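The structure under discussion appears below in the form of structure tokens.
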Amino acid sequence: MFIAKVVGSVVSTQKAETMVGHKLLLIEPYRINAETRTDMTTTGRTLVAVDTMGAGENEYVLVVQGSSARMTPETKNLPVDAVIVGIVDSIRVGKNNVNL
Amino acid sequence: MFIAKVVGSVVSTQKAETMVGHKLLLIEPYRINAETRTDMTTTGRTLVAVDTMGAGENEYVLVVQGSSARMTPETKNLPVDAVIVGIVDSIRVGKNNVNL
Amino acid sequence: MFIAKVVGSVVSTQKAETMVGHKLLLIEPYRINAETRTDMTTTGRTLVAVDTMGAGENEYVLVVQGSSARMTPETKNLPVDAVIVGIVDSIRVGKNNVNL
Amino acid sequence: MFIAKVVGSVVSTQKAETMVGHKLLLIEPYRINAETRTDMTTTGRTLVAVDTMGAGENEYVLVVQGSSARMTPETKNLPVDAVIVGIVDSIRVGKNNVNL
Amino acid sequence: MFIAKVVGSVVSTQKAETMVGHKLLLIEPYRINAETRTDMTTTGRTLVAVDTMGAGENEYVLVVQGSSARMTPETKNLPVDAVIVGIVDSIRVGKNNVNL
């Protein structure tokens, strides 16, 4: 899994039938800022994940990829390879809480 | 999943029998332009995806990879690891609609 | 899937029993040349794929990865994660045929 | 699998129901230091893995990804794609023990 | 699959129960040296693979990743995502044998 920030959303009206009704969020995977070690920084990548948690923009989320993305009740058997399985409350690195 | 732009197509007459009749599109994964945040920019990578949506050239599409690419009726049990599952109408980043 | 060029082959006499008799080709994933857009250029990566198509050296092929590589009759249940499922006849990018 | 260092932890109260009670550790994949060959160095990447071993901060662990992350008794059927399956005691490269 | 060089080994006494008795080798994925085309060069990455072939240090091996790593008799149902399925005798690139 990885930490990502929700940065937007994607609208697709013409899509696989089983995907109808599933919210698609635009996310950016984040990593620990190597210099400060007290905040997260973007990897510069952009992915799309199905949201099962009601995540809001600018929130940090936990994202699962691959076949495991189909292991939630909402995504079972769906053609999806990335799903948000948690909203991140806090991240600790060493003795510090990371600024989110 | 990721956003990609359809940039071309691939013809292969000698291919796995179950692949016959499936359209193979050449796609480039795109990411948010880090400077403007209002358009998408290519990652420079080139992939091939099965099209199940009738996607046209220069359209932005939603692509699913891995075993999940076999979770559409058209691709079940096929030896494919990337499939187009949606045509992108619009992308929003923050308060802005991204130029597509 | 991705486009690759067959650049060589691998010989392994001591290998998993189910792999005996399967031809292992050395391949390099290719991408569109970003400057010309009319030819393909190597990504510099080197992979090994099982050949089910009788692909020859210097030919461009279509490669499938992951669990989907086990979805051909020849590779079912094999410990392989990359298989050649097609020989590329032609690639079109925009209005141009790519030089192969 | 890969070697990673446990660098912190993640708290998520709002998460997929089946994930409740599973400890989420922040990890950094490590690689051999190419110059010394006698210690490990960070790849700079940040991932999140479920801990099934009671790993502590700053410990080096063995991490499994993908569908195989669901092959431990603790993670069966969970929507997780990375799990810690071992705590690393020692690493040898050539004739040298790596400094951990 | 990819070619890797065995560079060392990993000891983990505290590990998932099903992993007991399986040898963990430290490997570095290799690629064709782009300049000479007659030898292999390291990618600089470090992975860990289960050895089912009795591979020795400095040997070149064939590595399978993902769910396919569970398709050998020795690794069935194990939480492993990389396994050595062959020892490389020789590699040919174009008309040349690669120096191993």
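Per-chain residue numbering starts at 1, and chain names A, B, C, D and E are given in the order in which the chains are listed.
Criterion: a contact is a pair of C-beta atoms (placed from the backbone, for glycine too) under 8 Å apart; a residue touches a chain by one contact, two chains touch by 3 or more.
This structure is a prediction, so every number in the text was calculated from the model and none was measured.
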Study note, to complete from the structure: Note: chains that touch chain A and chain D both are none
Review point. For the homomeric pair chain C and chain E, should the interface be classed as same or different, according to whether the shared residue numbers exceed half of all numbers used?
Key: different
**Study point:** Centre distance in Å when chain A and chain B are each reduced to the mean of their C-alpha atoms
**Key:** 20
Review point. With chain centres defined as C-alpha means, what is the inter-centre distance between chain B and chain E in Å?
Key: 32
Review point. So which stretches of chain B touch two or more other chains?
Key: 66-67, 69
Check your understanding: Should the ring be read from chain D with chain E in second place, what is the ordered list of chains?
Key -> D, E, C, B, A
**Study point:** Parts of chain E lying in touch with chain C, wherever the complex brings them together
**Key:** 1-3, 30-32, 34, 40, 52-53, 62, 64-69, 71-72, 83, 85-94, 98
Study note, to complete from the structure: Contacts from chain C onto chain E in the complex sit at residues 7-16, 18-19, 24, 26, 28, 42, 44-49, 57, 66-67, 69-70, 77-82
